[in-house]
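Dropping the structures in below, format is structure tokens.
In the two complexes below, chain A is the common chain; its partner is chain B in one and chain C in the other.
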Partner chain A sequence: MRTRKYRGIERKQARWGFLFVLPAMLFFSLFNFYPILNAFYTSFFNRKVLSRAKPAFVGLDNYARLFDISRAANPLSFYNSLKATITFTLGTFIPLLILSLILAVFISNLSSNRAKKFLQISYYAPAVLSSVVAASIWMIIFDPRGLANQWLNVLMRTPGVDRKWLVDPMMEQMSTMIIYFWKYIGYFVILFITGLASIPPTLYEAATIDGANKSQTFWRITLPLLKPTVVLVSVMSMLQCLKTFSTQYMLYTNGAPRAPINVITFNIYITGIQEQYLSRASAMSVVLFIIMMLLTLLQFKTTKSENVDY
Partner chain B sequence: MQIQRTNIPAKILIYLVLLIMLLFTLIPILFMVTSSMMTSRQILRMPFSWIPEGINWINFTKAIRGLDNNYVFLRNILNSLIVSSSVAITTVLLASLTGYGLAKFNFRGRNTVFMMIMGTMMIPFETIMIPLYMVVTMLHIQNTYVGLILPFLVSAFGIFQMRQYLTTFPTEFLDAARVDGMGEFGIYAKIVLPNCKPVIATLSILSFRGQWDNLLWPLLVSQSAKMKTIPQYISAFAEEKATDEGAMMAAALIASLPMFILFMSLTKYFIGGSSVYESRKG
Partner chain C sequence: MKKTLVILLLISMLLPLSLFAAGTKEDKVDASKPVTVNYWTHEDPARTTLETELIEQFMKENPNITVVRTTNPSSKQIEVVQTAFAAKQGPDMFNLPIENQYAYISNGLVAPVDYQAAGYKNEQDLLDKYVDGVLDTVTVGGEVYGLPLELTNWAIYINKRVFRSVGLDAERDYPKTWEEMADISEKLVIRDGDILLRRGFDFRYPYYLEFFIPMVEQLGGDLLSADGKKAIIGDDAWIGALRFMQQWGPLGRNLGSPTYKNARSLFNQDNNDIAMTHSGLYQEARIKSDNPEFYDSMDWMVIPFPVFENAVRNVAACYYGHFFMVNADSDPAVQKAAWKLAGFMLSHGEDYLTRGGSIIQPTKALFASDTLKNMPYSQVFIDDMARAHMIYYGENSAQIQQHIRQAIESVMLSGESPEKAVATLRAAVQEVIDEQ
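== the complex of A and B ==
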């Protein structure tokens, strides 16, 4: 009798638990699972926004078009989008990773707590600005008469040279990388500082007693123990860079050439929304989704096996 | 106590690197502030002088008056405030409710539900925006707040954070309230929610910021000038007034003020260790 009543309470409770998670489940089904399935589905048709004709099934045609080697010469092709995205991602996340790690180690070794706090807040400040604001500031700095040219010419003793920051294809890619790097460096520095703080100080004390110098402690203790954070930060920054959009959009709408900064998300936006080729844009979305999913799985796998106990 | 042989050149190098980085991060912000008070000619003068010759107020009036003198910027600021705060509120409520359900109740399929929610972290917004755009057109909610808010009601990351936090919450409190005859929903609203304050603070800032900075989704949803958000306004303003750098910087400065005030007053929630993952959506 008693157990049955107890079970009754448990079952009633279970119902409440289910009720509590139900709204979120509905939300994710409607706004995450349905859309991603829909993206796969649409990518096999030839859907356009305003056409009245029923979309026809075209199989893998949209994908074939994306990876059609004969279109690679077209500067706005998906090939070049892939190339622009990879260039941007590698050119941004590698400097981000290395420099944020170095800066975090330097800051953590400062003795003054006020200096630590001041530097963290200052490095983080650009992250508080929105991406469009960041881009509009840098667009003026990169103006032919702007600060970037002026200061670089003073530093390199080359008076009057215009580096064509927003005109030359290579320089334009570099400019987007600088803007992105500027915005996110502080964020990653703080992630590393948090990671460094979780390493027990006793390890350093032991190392010092054993006569290890600073560089030895860094390579033998800090870096190996920081490996989970390094993996986390690198995959996270990589995923973020793959999704970059605002910076490229701002530069393009202000007259910079599109081809060098035509990253995948930007191409999806132009193809799907401005040119209204929904199916082609969906196929690009699916490719982006697969790339990012592989990276995320890689992250889960590596972080799981790399957990360290002290 | 660390005993270290002090290496003077190495120390100088460290300070130098930190200083260069400090200049790199702060100079553009300072540049925005001073040039918002300058005329375009002063901004692009060679060599650049950092002190404005008096405050050029016209930049700010131009920025606020907007493209067609219709003061749409003020409306756009209001839109951003409405969208960002709504998303922050719904995220906190739904994430805490779901996180509580997952942390403290045993029901069939609980782990499946949790894995599914975590799985949505692998679906970046950029890959589902085209289908979502089709849904929004189908429902005719373009140019509405509902359309702007709907895809961001709750985030998987928020649920994850809440669940982690609530797993350590003592179950005895909940049972005591049950014995006292409190309803399950009452327990959530009166006991669980008030005890999540630190997570709520971090999570609401994260969600607010995500929407404050969101350009992509409003570009798809809001076409009418009145329903645009701040990032859209800034980009349109920059496009239109490409040669009026002073006004551009004034608009940028105004758009950044709310976040800066929030940042200065709640620094620890921005820089706290709990913000390990940026909100994945938006």
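== the complex of A and C ==
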């Protein structure tokens, strides 16, 4: 006679839970896990997009080529892509983090609910636009005859000056940062507002009774309790910045020089799709993947703290 | 439970791999059964109207053949076709610029022309019908792999009204040399400080293989040595051409820049913001369609591609071709039907010229026809073609164009010296050539 096994309610729920997440796992495996594994595999061969010849195993040659110091002088080299990616990431992710926090605190402290909603929608609106549309709008603004030059020239009383938004290497990098910042600031503001809303108001009331001023409340209560959200936003914004592509692509296809904005993802696209070196592009993807993983781990480690309980 | 979970997890991870393994191209029906030809081409409204009509007629005459015509923007077509072929899901018939299409021949992805299906007796009959040398580009190992949908070269379009506005007579004062082009542009340009409100002429960035290589050749340089083994021949010529571009750009005489709206599309509007642009004969059809009033006014004209004052070679802008090619993986019956379709469409060369976007199919018959000769300024294009050569179309031409673009932009926009740009360019292109 078979004995009926005892199954706890937690186990049963876990099984159902697993079944519910199974479609998502399948989806993830199909569209994320397989390409990641395939990129690793492809990076050890010399595969070209259109070639029918069996790709030869080249070991770590593709990686050696990426880090070959003799190529560093070439403005389109992987070294320069690393530099462009770091410049873009630092120039975008730090202002994004700081300003989205400031704006979130400002919006949360507004007394008018209407004003709050209006500002939330206004900041978030660009995030729903596709990157291509956003970049197209900014292409018109950054045109030499566009609004950016016109407004700055009126404000600074410098008629006829072309700031070379898409021409000068530094201005071009700044233009990509401005576009990206404008597009994503609202998204991170909303995340911070959600984090701020989860802090119990009783803590602020207690602090007010104890005589804390606004600055003390922010530094001693808001910021420490917001730490998990800060970590989340910093990791997400950094990863987003490292993955930036469409802004650079749009600027390049509209005539802007490639070298200053040749971030790793863009280099992957040019190498893999336009130049057809699939294995080299895969090696770059793997390097980018490792960089993203290491930076995320580092961020988690440096900001690790005990769970916040209210 | 743990075991079951692990097994399920493994299945979920491996299932997609098996799906990919099964994703091969579906076989097409054999020759005796109805076939479908998937034809992918780039967008061109005038050609779409004509080809839709031609395809309808073709399907009526061949009831067992269904043609599905799909268009993509020109800029996307190259990537879309390439990605489809990489996934073994390429179209049955397609066209691309030859510099992007040649790799399909060298990688064995396209089938040789089926002469009988395309309406020719044999290879010689085909060769006899086309302008000498045109099919050399797509002939490998004695087999012809494509039929030319169009052969295009660029000359210079001039807006006579803009010339008149500064007291110039376009018919008499048009630029014959690049130096004159810069000087006349200086007269035509309107600036607000550094900002160009009207340009005299501007280049067609970033198609440097079409127009910049001929400029280098005029000065005695070459992209490759005669044996194709050495890159960037003739330093002085390259430096001279790059210096001209540097002077043209915002760091020099500030006559134009790649970041301004492209001159070719502005030209048709006749909005007093561009006086001259590069384009092919097809531009005439586009002016007519975008701005019939301007077209009918004949306040525009076409002049030959200029040469440098100290030119050692009289070379015009390179011509390039779009060829109909057929997927070697398609069912043989589909291949035959595709060549039949290509042959049928190309037998309407005069229609393509007059109402299919003013494109030139390089058949001897069309070149001898009054239809071509009577097109305004067609002789300028024909004469320029005679002093030009086919664009560089090696397997890695896209990569080489990238490096040339980098060299030009570095001198034009970032202030790098032409000497340094040439050295960097040589190293980069040589590596591409060595790898080929």
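Quick note on the criterion: the second predicted complex is superposed on the first by the 267 of 310 C-alpha atoms of A that agree within 3 Å, B and C clash if a C-alpha of one lies under 4 Å from a C-alpha of the other, contacts with A are read in each partner's own complex, and residues count from 1 in each chain.
Here is the rule we go by: a contact is a pair of C-beta atoms (placed from the backbone, for glycine too) under 8 Å apart; a residue touches a chain by one contact, two chains touch by 3 or more.
Just so we're clear, the structure is a prediction, and the values are computed from it rather than from any experiment.
S.K.: If we overlay the two complexes on their shared chain A, which of chain B and chain C does A:Y123 touch? Say first, second, both or neither.
M.R.: After superposing on A, A:Y123 lies in contact with chain B but is clear of chain C.
S.K.: Does chain B (first) or chain C (second) touch A:W182, or do both, or does neither?
M.R.: A:W182 sits against chain B, while chain C stays out of touch.
S.K.: Touch check for A:I273: first (chain B), second (chain C), both, or neither?
M.R.: both
S.K.: According to the stated criteria, A:R145 is in contact with first (chain B), second (chain C), both, or neither; which is it?
M.R.: both
S.K.: Is it chain B or chain C that touches the larger share of residues in chain A?
M.R.: Result: the larger residue contact count on chain A belongs to B.
S.K.: Applying the document's definition of touch, where does A:Q216 land relative to chain B and chain C: first, second, both, or neither?
M.R.: neither
S.K.: Looking at A:F245 after the superposition, I want to know if it touches chain B, chain C, both of them or none. Which is it: first, second, both, neither?
M.R.: Touch partner of A:F245: chain B, not chain C.
S.K.: Of the two partner chains, chain B (first) and chain C (second), which one does A:F18 touch, if any: first, second, both, or neither?
M.R.: In the superposition, A:F18 touches chain B and chain C alike.
S.K.: Using the superposition described at the top, list the residues of chain A that contact chain B and also contact chain C.
M.R.: 15, 18, 25, 33-34, 49, 143, 145, 253-255, 273, 278
S.K.: In their shared complex, at which residues does chain A touch chain B?
M.R.: Interface residues on the chain A side: 10, 13-21, 23-25, 27-28, 31-36, 38-39, 42, 49, 99, 102-103, 106-107, 109, 119-126, 128-134, 136-141, 143, 145-147, 150, 182, 185-187, 190-191, 194, 197, 204-205, 208, 213-214, 232, 236, 239-240, 243, 245-246, 249-250, 253-255, 265, 268-269, 272-273, 278, 281-282, 285-286, 288-289, 292-293, 296-297.
S.K.: Which residues of chain A touch chain C once you look at their complex with the stated criterion?
M.R.: Interface residues on the chain A side: 11, 15, 18, 22, 25-26, 29-30, 33-34, 49-52, 73-76, 143-145, 149, 159-162, 164, 166-169, 253-259, 270, 273-276, 278.
S.K.: Can you name the residues of chain B that touch chain A in the complex?
M.R.: 2-5, 7, 10, 14, 17-18, 21-22, 24-26, 28-29, 31-32, 35, 43-48, 94-95, 97-98, 100-102, 104-108, 110, 113, 116-117, 120-135, 137, 150-151, 153-154, 156, 159, 184-185, 188, 212-213, 215-216, 219-220, 230-231, 234-235, 238-239, 242, 245, 248-249, 252, 255-256, 259-260, 263, 267, 270-271, 273, 275-278
S.K.: Once bound in the complex, which stretches of chain C touch chain A?
M.R.: Within the complex, chain C contacts chain A at residues 1, 5, 8-9, 12-13, 15-17, 19-20, 75, 79, 82-83, 85-86, 103-104, 107-109, 191-197, 205-206, 250, 257-262, 396, 398-399, 402-403, 405-406, 409-410, 413-414, 424, 427-428.
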